[in-house]
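One chain, chain A, links the two complexes that follow: it is found with chain B in the first and with chain C in the second.
Moving on, here comes the complex of A and B:
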């Protein structure tokens, strides 16, 4: 039955509201993406009309060691960031579930990191991790050596991963926490009656029941890995020796410093495709349709 | 009622969105009655242009000038580029570094200033004939340098008094000796060798040291890297030894190392004079300024890197001649050059600063600025090349970085950097 209020029905209202979003997406997502795709096959340097250049931009990008180094760094970053963020957010969610009072305050404290300015906290962490910073001065005064946070390729990536994880753990944790809240208590009661040990309850009940939330967190970590810019740009500048350079940093430099927007557009398309493929693979491998019988 | 409100809101939003997106590529009608000028986005430069533009407009010598700072919160290049793409650029802009000027000239966005009537007269009047040799691009000049700031080394006088007999280090050996004593006594570093991780930072370490070691020889000539030579090797060996001995750190991000005393010396430009006097007056009183270190006699007038920005006229301008008349008037006016010096502390790009009586009083009362003025004639800007970023990124990743992180020997690092630079420049040719 179609309810109508005044002269328009609920269906029309729904369509109207959805249309706003569709219009927004068309202007701010579809149009730029179509233009980006056209640009990636064009010869254009900001001025004049773009001309079709076939696969020229692709060939240039294929020979660009900076870009491929950046993509490899995404894998390196993900392999460090994912376990930290995943374990951290799971820990946060489980902790939050067992806290009696002050849940909202604790959740807010973690979320503050998420809404803080990336530029501001990157500058703070740069000073903290500096070879002449407070952490290293303390280590030097106690043990007589300094930790090469910024000069060792792996430690530099770890430093960035820690900073980004600090930012996102609260956000991911709340997503997982919302999943934990939806698990029926009866399942645990039944497991307890069967004398199921805690670890088995975690593996057989909790994790499968929050599969959707875990997949969402994993998708977000993949997107963050491909999309980080501010933290490496400000904390390490892509160094040492380009080992924390990211595709977005290369794209930014190629477009606005080398003035080669066509090459940068091709890089963007490759990055978008790579992240999409990786997400599809991850979902295919991990996603489960969990239903209570 | 609520539904009607939602519907109205949606319609209004859609109209705003659609109207906001339309006509984005249309140029606003040209206002030929005013010369539009963009200036460097900082208080000091703005205060200079306020006076200069007011004087020009009051004099009635030409079209009036209207100026604003480059509307940027980040870097000027992107803003200028965005304006050019959106066709909202002014007639004239300052704050253009030579590599960016080269890029814009190649994209046919700049007017060749050397073909303007009065150009030769301006160069002679401002005593910048020698300086302009480094700003010629394919026989033309597209940007005239407004200032030329030599990079020099600041030393902590108290550290020199204790560990170097009050002597300013001038050679690599001087720095080694100071570093060894300072490190042994206080666990601090002798000198900040590595200026930073960004490609721009190479201007303030390897390139400055290379210019000093090679008497200002270009590091890129005829589309090839030329720093793989004896001078380049001396610099590389110096950097390598400083890191090998632990006499310098890979970064000093925690704070200015001169203020904390973490290092005894670091490369600085004259723009830091005002900043330090304002923020760290105690440290500033304790600073002495010396030349860039090099393996040569202590009295040698050694070259250094010049941080230099120029002024350009965009090709789209409808008032090119009038704009050049204004530029010529500002740059050629000695009193305005003095005002620039007073307001910004940066060296006007002219090689008579210490001979011209107009500047005498200023330098008598600003001895630190006088030291900088001494080196304007040998301060050399970056290699004029469209691929500045790639050249200096290679320098970072193949040469300076491996020396800092001690992954390559000096000669191998030089060879690799030169070879990689040549390869990149070949691709871009």
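Moving on, here comes the complex of A and C:
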């Protein structure tokens, strides 16, 4: 008898625990979603009741050059960041695999960048990149010129991409490394017997076998490209001439400086949808169902 | 002679292999360079920072003095901000860990009604981009009258769907016997979670704790939006505003950066074992 009461109450406790999270989500997830929908289709300046304005916000946003500039900057950032982060993390993973002693130490050095503060290191890198900073002093003493990191649009974007890559290469690399660990040794032994050249081994065995990890890294790079705020906000402030303005910065400006939350809400819906669709497309194109026959 | 010592040191056979090892050590040093530069710069007078080598120049704690005294002179209460950051981050991390552990146990081990739906809901939440929610979340916080309060920083992050999901995946893998044995002893739910599940899943809990702590401690955009009162700012935002207005004081800014980084690095170094282990578990 006692046993069955115990069991019933356990199920009830389980349901109550799940319910507590659902309540939390109702307040801090679902309710904001409702507001997002309302804001996207209304005119509102943070006071009074929002008034329905139909597709007006959409039309304004689509004609806003800052918004398009922000989206274009996502592509510019991604085209610099993705090759650096992808090649870097692949190199890190292969390198880590070939190390004898001190694997954990090396991995921890790279991961330290991943867990350290984005705010603090945005400031640190601003100083490192500055025209009289150590990087430029080094370049000047070697080649006799200074790199205009902050005044050239492409170099400014590169600077931000380097900072973000510094932060994430260790993490991405560890993801790829964990994939490399799961490849059975006999696959390589068989390839060696067949005299398969190293490059072909990489292309035909290694990369297909870590397809899942590579896609994970790719999805992360897309998410980062759409979602960076701290680094550009603190390093370049969006400059020069708005060429490092990211969508989140445009949304922030629109909502809290220009006081147009309706426009900002519509922007965030478009940006989130774009990132979601892009990730779906990228997965469709890249995903391979690799099976060991 | 040199080569053999090196070979012994790196413990590999071929020349190519130890070349890779040396390169990796070199790269690891490069990765640490910004951290080392930050620490050294924070110990030098500002005019010396760009003109001396990494380890050159006169070292002192003057920048930290300047930073802490700027509370009265420049109205930048860094000590208070450090307290806010610690209070908020601890509250969020403890809350996330406790709620995640119990709800994850329910999700992994108790067959409550609609359990699979609940799991699907967590997965859905993780797929939907959260960047959309920042602005409407601000509206909610404003409606609750929490603008410029610590509640604005704590309440929205008190539970984590990711934390629940990650822990439940790990709890599921544990052999049933442990729990059955505990149930035979008539152990209560909280006893099972705290004395069996938590100690057996330390690594994964360390991961959730570390990522939650880092994410909250280093959150910038959200406190920037909801806190405008200088006396209630967390360190991340106060440091950014300080750097914006007094960016030429490179030394003090770097001292602030060290303060902002130090707790994260300490936690990381302290839990590095669990962290590496947990990483390899979550990445499986």
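Heads up, the rule we're going with is that the second predicted complex is superposed on the first by the 253 of 293 C-alpha atoms of A that agree within 3 Å, B and C clash if a C-alpha of one lies under 4 Å from a C-alpha of the other, contacts with A are read in each partner's own complex, and residues count from 1 in each chain.
Going forward, a contact is a pair of C-beta atoms (placed from the backbone, for glycine too) under 8 Å apart; a residue touches a chain by one contact, two chains touch by 3 or more.
Because the structure is predicted, anything quoted here is derived from the model rather than measured.
Contacts of A:89 after superposition: neither chain B nor chain C is touched. In the superposed model, A:99 makes contact with chain C only, not with chain B. Residue contacts after overlaying the shared chain place A:45 against chain B, while chain C stays out of touching range.
When the shared chain is aligned, no partner comes close enough to touch A:225: not chain B, not chain C.
In the superposition on chain A, A:151 makes contact with chain B only, while chain C stays out of contact range.
Applying the stated contact rule after C-alpha superposition, one finds that A:238 touches chain B and leaves chain C untouched.
In the superposed model, A:269 lies in contact with chain C only, and not with chain B. Touch criterion met: A:170 reaches chain C, while chain B stays clear of it.
When the two complexes are overlaid, the chain among chain B and chain C that reaches more residues of chain A is C.
Once the two complexes are overlaid on the shared chain, A:256 sits against chain B and chain C alike. Comparing the two interfaces of chain A, the one with chain B and the one with chain C have residues 6, 13, 17, 20, 24, 27, 46, 127, 132-134, 137, 256 in common.
Residues 9-12, 17-18, 20-21, 23-25, 27-29, 31-32, 34-35, 37-38, 41, 49-50, 54, 99, 102-103, 105-107, 110-115, 118, 121, 125, 127-129, 131-140, 142, 155-156, 158-159, 161, 164, 186, 189, 210, 214, 217-218, 220-221, 225, 236, 239-240, 243, 250, 253-254, 256-258, 260-261, 264-265, 267-268, 272, 275-276, 279-280, 283-284 of chain C touch chain A in their complex.
On chain A, the positions that touch chain B within their shared complex are 5-6, 8, 13, 16-17, 19-20, 23-24, 27, 45-47, 63, 66, 126-127, 129-134, 137, 140, 148, 150-152, 236-242, 253, 256-259.
Put simply, chain A touches chain C in their complex at residues 6, 10-15, 17-18, 20-22, 24-25, 27-29, 31-36, 39, 46, 92, 95-96, 98-102, 104-113, 115-121, 123-125, 127-128, 132-134, 137, 166, 170, 174-175, 178, 213, 223, 226-227, 229-230, 233-234, 248, 251-252, 255-256, 261, 264-265, 268-269, 271-272, 275-276.
Within the complex formed with chain A, the residues of chain B that make contact are 3-4, 6-7, 10, 13-14, 17, 21, 77-78, 81, 84-85, 103, 107-109, 187, 196-198, 249-255, 257, 260, 262, 387, 389-390, 393, 396-397, 401-402, 404-405, 407, 427.
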